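Which chain is which? They are A, B, C and D, in the order written, and residues in each are numbered from 1.
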Amino acid sequence: MSVQPQFIIDASYLSAAFLFIYGLKRMSSPVTARSGIVVAGVGMLVATLASFLYYFGVSEAAEPHLGTNLVLAVVALSLGTVWAWWSGKRVAMTAMPQMVALYNGMGGGAAAAIAAVEFLRTDAVHETVPLVLAVLGAVIGSISLSGSLIAWAKLDGRINKTWRYSGQQLINGALFVVTLALGAYIVFVAHGHAPVGLVAAFFIAALIFGVLMTMPIGGADMPVVISLYNAFTGLAVGFEGYVLQNPALMIAGMVVGSAGTLLTLLMAKAMNRSVSNVIFSNFGASGDEAQGEIKGSQKPAEASDAAIQMRYANKVIIAPGYGLAVAQAQHKLYEFVKLLVDAGVEVKFAIHPVAGRMPGHMNVLLAEAGVPYDMIFDLEDINDEFKEADVAIVIGANDTVNPAARTNKSSPIYGMPILNVDQAKQVYVVKRGQGKGYSGVENELFFADNTNMVYGDAQKVMVAMIQAVKSLEGGAH
Amino acid sequence: MSVQPQFIIDASYLSAAFLFIYGLKRMSSPVTARSGIVVAGVGMLVATLASFLYYFGVSEAAEPHLGTNLVLAVVALSLGTVWAWWSGKRVAMTAMPQMVALYNGMGGGAAAAIAAVEFLRTDAVHETVPLVLAVLGAVIGSISLSGSLIAWAKLDGRINKTWRYSGQQLINGALFVVTLALGAYIVFVAHGHAPVGLVAAFFIAALIFGVLMTMPIGGADMPVVISLYNAFTGLAVGFEGYVLQNPALMIAGMVVGSAGTLLTLLMAKAMNRSVSNVIFSNFGASGDEAQGEIKGSQKPAEASDAAIQMRYANKVIIAPGYGLAVAQAQHKLYEFVKLLVDAGVEVKFAIHPVAGRMPGHMNVLLAEAGVPYDMIFDLEDINDEFKEADVAIVIGANDTVNPAARTNKSSPIYGMPILNVDQAKQVYVVKRGQGKGYSGVENELFFADNTNMVYGDAQKVMVAMIQAVKSLEGGAH
Amino acid sequence: MDLNTTLTGFVALYIFMLAAFTGYEIIARVPAILHTPLMSGSNFVHGIVVVGAMFALLNATSTVEQVIGFVGVLLGAGNAAGGYVVTERMLEMFKPSSKREGGK
Amino acid sequence: MDLNTTLTGFVALYIFMLAAFTGYEIIARVPAILHTPLMSGSNFVHGIVVVGAMFALLNATSTVEQVIGFVGVLLGAGNAAGGYVVTERMLEMFKPSSKREGGK
């Protein structure tokens, strides 16, 4: 007796589940992260190849269609893989979050599709527990699909407006109840044999709910939302895994569901907000009210003067922010830093956990520019060093260096830990003008005695700074 | 239809498994550790109570015995609980490790008993996979039982000699093979229906192997061995859990098996040794060979002089070691420290990971004496501070402060991180005489220019120091 | 063959519980800089849904099922492949500086 | 009742694997000072073996089985109860100083 296909399938799924967990584990430390995705990738490959062995065990009813189904499977697999591979390779580093959203939505859609097929299997006897999980997975997966698409469109600049009207939450709530009611009907009344039209209505309701739920959320909150939908898809996959009696799906799905939930909470916490606050409130729309005018004036400075002061400083700390990403100035910035380092200056990057618009945004940008990992420091690790720095330079950051977070209880960012740039002997702030940050509040740092403003686009300013230092070196030789 | 007993049992076990994991999780952080054991304890209570519901589902053959069995169960449960509760409350803090060994061995024995009952169920049809796991669990559990008993006897001072002879490992190996062969016979030849005599021989062989394996290991290595047997018992419980189709046992057992293995590795690593080195080598028996004589002489000092210098120091760091535990001087030490703190001296405790004879030994002792948690620092956290200390005082420590670990490649402790006491301005070493430490190597720290020796039993020395500081204060008023 | 997979209610709950603990524990100690790559990496992991969609498609008995199954596999494959590529590209950037220098 | 527990080979392997990961992850970040209490705490946890011994004893059909089952329950109960008391006593000492001061 030879080994049965089902045995190979089971064994492959077991190893895939192991490799997924082990891979995620490796991904969770910077040193081993790169090998982690490869490990997980091997698991995916093994599982996908093994899934072709289902060919040998299909139900009798499916046997006449087996040839067609196999061709369809190969075509779908190839199309999906090739398109995703191509788009993933091509996308700019800064557009990663929306790409993740897109792929994640696809996973939610696939989970919903599994549920849909289940509801269409008219010949089968459906048990209650799997049906409930199928419905839950279908709802969550559909929300994740349509919601992720909206998130993608927003981050990609295809939808700009945040769609808000009074009574919105009431309508969303009503739609949600309708969706659940349709789902309950499928389970408890139709016992999994509902008419196609009703099943379709159920899915459409869930999809629309996903759209409505995501539309009012501002683009800057999207990373949190994407992470939430990522957890959603994980849950949906886990539930459908139970429906299919497939532990690999159950485990991978639930691991992601739980990890993704925690990740979402951590992200929201780093922004000093709660997840429900992100999803249900109109944050940032009402920023500039009730703020006492800040006394004093902003003192402009020339890029070249600032550059030369840094060139002769002992220690410079750089606090980059969202503006650096907008200006794509990371390469020029690192060029400038290399000049400083060559001149013997000690340079460190101070990264606020929510600098930019996604977690790790700054790290990814700086890594892209080639900044060595060991020049980059987290907030807790560097905050005590600002008082020893001769110059702190803020590049396109605002909220993350706003002292109001420490003192002003009425400020929306009150309580968020900030980078103590104001403790440096001299502070330079690079920004284009009087533009506010993500939270829309004034920043008294810009008016402080030891602060000078270097106005201009971050990239242009960096070019000017490089120029200044270079011409200095040129003169010295 | 009412809820079935089996459902309650299943639900209780599920919650017990959850509470165990959650409890262990809480135990793994100092802040939440105390609630962790309570959480896990609730899980145990729930599961034990639920197990009485087996009463309603026993096999037909067991029904006539049910009354007796229930009485026996209640008696065994009460006896075991009361005895263990009483002994656990009564035991001295310093005798904890051997007590843990004892309880752990009992768990191994229980797992072995489950396997034994399985082999005696003559009426049952045994499948291969559960049988294999039952045999493995029986071997591991039995080794854990007898091995833990030896470990207990050694640490409790009931066995003093380490029993070594040539060819020992060969004989042990042979016995192990015999044990496995008997186990294989039970599974593959007798298919679980082996004669009672053979089953007994199998268990006796495993038990003897546990004794022989543990006898040659020195008492100071016992904490690592106990931790290893702890992992063993976990595995045995997990395997027998599969035999009984009980996921709570499987999960709890495997969680402990894996956690215990990691813990064993971490302990061995902190001692700069490998686990196999601990189990198979005669470490410490050949310490004092091939060591160059250390030049210079040890300079004695009076306890009172040392105390007064510390009283007027700005910063004092204390490095306690095994001698402190032997002398039970922790209470007096903290009394002395409080005097120093009242006099405005900054005092910190520096704890080497393997100071003493069990992991966390010093922390437990100091905690017992009431030393606040935040005066106690791990090696990595304090090692850079020694150079700022006016006085470093070493109390009954030796190997953990031996600079040979940094420089002398031939030393058995070479490579182990040590406390940098030698960087303090003045070093005092409290010990009784020329006695060596656990590893038996000379310590050139004692001969260094900035080191003075305060000879005497740690407790007596601390009393003298307290006296000296107090008389000083008395004179000042 | 007694090594087949049968999942009933409680067993499923055990598996879900353990998987949830595992996922939580793995993420709990992750530094913030890895949040985005990890979001993407876990996004890749649930791409395993493609395997479930494969099952649905290969067992399809009607055109509707075939269409939905096809879409499911397509989407699932996109999730898996896209998740992999994007994660790999992001993590590629987390080289420690020493290696980077050496590579140049 | 479809919520019963059936464990076959692969499912057992999944559970073992997940439990092993969970145990590993929980311990991996433990500071050295907690090693001894944790050894004792995990020692307590495998005291759950008492439940298995209870099953064996309640289902015993002969005197030998009763004796072994009795010993098993006795030992298991000792493991559980002793492990709890000892762990609790050790952890009792890990009070942060502020609380300790407050208690006095």
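List of remarks:
We adopt the following convention: a contact is a pair of C-beta atoms (placed from the backbone, for glycine too) under 8 Å apart; a residue touches a chain by one contact, two chains touch by 3 or more.
Note that the structure is predicted; figures quoted are calculated from it, not measured.
Greatest centre-to-centre distance from chain C is found for B, with centres as Cα means.
The pair with more inter-chain C-beta contacts, choosing from A-C and B-C, is A-C. Computed centre separation for the pair chain A/chain C is 16 angstrom, with centres defined by C-alpha atoms.
Chain A and chain B have centres, each the mean of its CA atoms, that are 44 Å apart. Centre-to-centre separation of chain C and chain D, using mean CA positions: 33 Å. Distance from the chain B centre to the chain C centre is 39 Å, each centre being the mean of its Cα atoms. Along chain D, residues 2-7, 9-11, 14-15, 18-19, 21-22, 25-26, 29 each make contact with two or more other chains. Counting partners per residue, chain B has 10, 21, 25, 129, 247, 251 as the residues that reach two or more other chains.
Touching chain C in their complex are the following residues of chain B: 10-11, 14, 17-18, 21, 25, 127, 129, 247, 251.
Chain C makes touch with chain B in their complex at residues 2-3, 10-11, 13-14, 17-18, 21, 25. The residues of chain B lying in touch with chain D in their complex are 4, 6-7, 10, 13, 16, 20-21, 23-25, 27-31, 33-34, 36-38, 40-41, 44, 47-48, 50-52, 54-55, 58-59, 61-62, 65-66, 68-70, 72-73, 75-85, 87-89, 91, 93, 96-97, 99-100, 102-104, 106-107, 109-111, 113-114, 116-118, 120-121, 123, 129, 196, 223, 226-227, 230, 233-234, 237-238, 240-242, 244-260, 262-263, 266-267, 270, 351, 353, 358-361, 363-364, 367-368, 370, 372-376, 378.
Of all the residues in chain D, the ones that touch chain C in their complex are 2-11, 14-15, 18-19, 21-22, 25-26, 29. Taken together, the chain C residues at the contact with chain A in this complex read 1, 3-7, 9, 12, 15-16, 19-24, 26-62, 64-66, 68-97, 100-101.
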